[in-house]
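Below you'll find a set of structures to go through.
First chain A sits with chain B, and in the next complex the same chain sits with chain C.
For the complex of A and B:
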């Protein structure tokens, strides 16, 4: 198991380096002159040239890429062209806010969504099941930022019970988390329900029932462990959706987190800040996926044993 | 000749059975009706509404929903309902075109990767690993940032962000089909690789892809509106639903209907595709239903 974890962590390094190269290259080919954007249209050609010289913008692609990768490895994402601040410091300062929203979203999505889905499957075709199914269907069909705006209209503008936007006490995070969490809740509940339904119909569950095992034990000991495998996979793939949702939700509620930092950097063409945020989010996302993979291996003994055997088979999963 | 004929009949009857199961499912009917209604709305927009989707009419700005203006008017006095009808085609095309493009590329990549295995598989999968180490929304945001805002650019951004999921799924299907006896049989009579992939592997690995396609369409429509919202994606004055919603957020206190109705249209459309996709999945996998 230790070997699996080590392999999985080491594998993240080339992946993230390639992400950095990819993002740098994409940004490199974006039309537009950084010096011109920063200094404005009134800058003289001499000023532009001086700026490019100072910031190393004249160097060829490969040199700039090399120095960028070198500084990333030291944890330095460079300076923001617009604000002249350290991108790393900016991102770290914004991380807690994004983290709170992401964590809240995951709690609603996974810790609430999955049990509801399992419950719906156990109570298949009852009113509770239908209610969860319809709620999750509607939840999965709503743009989260639209739900956010609707929540603002209701709770902030009409009822005046929660703040509409900005940051402050914990109450400022309720609406963003709710708006972002519903989609995760919906997809996890739906997936948990269908995985559980599939397992409940399998032969070993029928056998357990036929042996006279109590229904509670059948669900908890026979069905659930097997249903958890696809559930964890789907919950894992939901992380991406939730983190992606956070980017947009932050601009709905004007929360100065990483998402808003990135979107404003995109509109300001602040490439260092864009690159830094993307790589930073990719690192966070990879860490989440690492946890998911470890959980996966923990729940499914087949994967564990595979990893103790050959590495190649994992790719066929 | 006769063998071909009987194979065709069998395939048709399997297709017909799936079709019957979908049609029998009331949820699927609701989904199909929702999608068809919105498609019809897009086609018949000029007949259904007397207003222009783009003509500015300042005196009638900010009119609340009424019989005359079903969804009210926006800041420039344009009838919101009319704009929503005309806008359907953008959202439909964004969702459908981006997913179809991703499906084609994904099926090719996944098939090649899954069928040949070895180094080819390794290279393709590692590239997908890199793309998938970013949330797909984030990747779509970067591509849009690089390509700039616009309709075609958004389709490309969404399509590229959808390819890895499609390719991975296709590859998994191919891996299970590859081991089937009929593939071995085809190989034993010296069918070429291209023929085996095109005639035997892909058709048998496609059914899970159809379900994914339906659910990706709704996911991509949601992503497209998200892109519009943060200023990438389709730009005003195009009456795309996400762009309309974005324009409306500045008037959320005075004219909340400017945000309400575009969102409702997005919900109905994605709900339609989700319902249809679910029914299709159940129909193709009858073990779930009984």
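For the complex of A and C:
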């Protein structure tokens, strides 16, 4: 198992390197002059030239790429052109907020969505099932920014119980998580329902019933563990996507997280900040996927024995 | 059919499936009975309704879709189709248990083998601790020839034959009075088949278990069964002791089955199958279900319900012109 984790972490290096090169190259060829953007239209040609010289912007592509990759390896994403702060420090400072929203969203999706999905599967073709299906369809069709605004109108403007935007205590996170979580709930409920339906019809569930095991145990102990794999995949990648994808919800609620940082960096042409955010998100996403894969092994012994490799299997034969 | 003291008595059992709005008549008025310690073989083609009969007795037909529409199943004089689900659960695994057809899919892939067996033991002996149940499960697995050092493995680490043994151990773990063996050897290769049959026979003798052996293999029937019921399109078309049915087959279908077995000692270029295919169970023919394929069919066969007649005492056959066949011979 340890070997597998090590192998997976080593694999992240070429993936992240590719992402870094791609992002850097794209940003390099994007039209626009960094010096001009930073110094504004009133800057003289001399000032511009001086700025380029100081920041190494005149060096050829390959040299700049090399020095950028070198600094990334030291965990340094460079300085923000706009704020003259360290991009790494900025991202790390914003990470917890985004993390809370992403985690909350996934938890709502899993804790609420999965049980409802299972319930729908057990009660297949009854009113409860239909109701859950329709609810999740509505949930999936509501864009989170619209839902966010509706929630603000209801809870902040009409009822005055929750803050409308910004950060502060935990209450500031309730509406963003709720707005974001509904879509997660919908997709998880549907996924849990369909994967449960598939498993409930399988032979080993019939075997469990034939043993005289109670229906509750049949569902929770025999069917659910087998239905979990697709749910873990979806919840895991959902969490990974959320880290980068909370942009919309962070903008709606003015939460200074990674998403907001990246959107403002893009509109300001803050090249280092954009590159840094993208690579940072790629790192977090890969880590999420690693955790998902490790969870698989925890849930399914067949996958675990695959990870453990041929050595152990040979010992058995 | 026989007296009420029989251990198991199935009377006019009817099972239907609903699929895409069509009603599939899987089991149509099946009756048979069984004494303790004896084995009845349900013989028939794939899709004849054999497994549905077994699942109906255990009341584990797939839901939604499968439904017991009529009939009675008496176990020790009690109609188990009328028991509440909770009471039925106490019978499953303890009094009646089932060996499933496909060992590859019958075991839960994410549970350790020993735990899957300990679960039955513990479900029906609530006073037993988990440790005791595990010890019992290990004992059971050793009985079917699985060494203790393998019991904590998962099903995917087992070969097909070993999985089948696990399934058998699971079915026998609580010494059931009635064992439903659904093609226990079909998924196995011939050498292991013999071992498994021998094992089932021995265990059956040890526990005086009554058994319903579902199979399409007449060789298996010859080896383990006392009585035989030939199932065709959800009906028992011939029923009697093994000797009666094997030595004096009465129904044209049974005769066809035996005729289709190639003789090792004679040179034949082609096998002699029964012409045609079994009828679509959602659209059964009027009268005798076998009439479209029957070489002896007359107009009488295609009209109304065919009643079972006695070909010999205790040997019944659902055919309206056994006599006519005799004449044609």
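Criterion: the second predicted complex is superposed on the first by the 300 of 317 C-alpha atoms of A that agree within 3 Å, B and C clash if a C-alpha of one lies under 4 Å from a C-alpha of the other, contacts with A are read in each partner's own complex, and residues count from 1 in each chain.
FYI, a residue touches a chain if its C-beta (ideal position, glycine included) is under 8 Å from a C-beta of that chain, and two chains touch if they have at least 3 such contacts.
Owing to the predicted nature of the structure, the values given are computational and were not obtained by experimental measurement.
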Partners on chain A (chain B, chain C) - clash or fit: fit
Touching partner for A:22 - first (chain B), second (chain C), both, neither: first
First, second, both or neither for A:143, with chain B first and chain C second: first
Partner chain in contact with A:281 - chain B first, chain C second, else both or neither: first
First (chain B), second (chain C), both or neither touched by A:240: first
Chain B versus chain C as contact partner of A:207, first or second or both or neither: second
Degrees between the directions from chain A toward chain B and toward chain C, using C-alpha centres, nearest 10: 70
Partner chain in contact with A:103 - chain B first, chain C second, else both or neither: neither
Broader residue contact with chain A after superposition on the shared chain, chain B or chain C: B
Partner chain(s) touched by A:89 [first = chain B, second = chain C, both, neither]: neither
Partner chain in contact with A:300 - chain B first, chain C second, else both or neither: second
Distance in angstrom between the closest Cα atoms of chain C and chain B, superposition on A: 7
Chain B and chain C contact sites that coincide on chain A, given as residue numbers: 201, 316
Of chain B, residues touching chain A in the complex: 121, 125, 129-130, 132-138, 141-143, 145-146, 175, 218, 222-223, 225-226, 229-232, 242, 245, 249, 252-253, 256, 259-260, 262-263, 266-268, 270-271, 274-275, 278, 287-288
Chain C partner contacts - residues on chain A that touch it in the complex: 124-125, 201-204, 206-214, 222, 225-226, 299-302, 305, 316
In the complex, chain C residues that touch chain A: 55, 58, 60, 62, 64, 89-94, 97-98, 100, 102, 105-111, 119-120, 123-124, 153-154, 156-157, 167, 170
Footprint of chain B on chain A - complex, ascending: 15-16, 18-19, 22-23, 26-27, 29-30, 137-138, 140-147, 149-150, 152-153, 157, 194, 197-198, 201, 239-241, 243-245, 247-248, 251-252, 262-263, 266-267, 274, 278, 281-282, 285-286, 289, 315-316
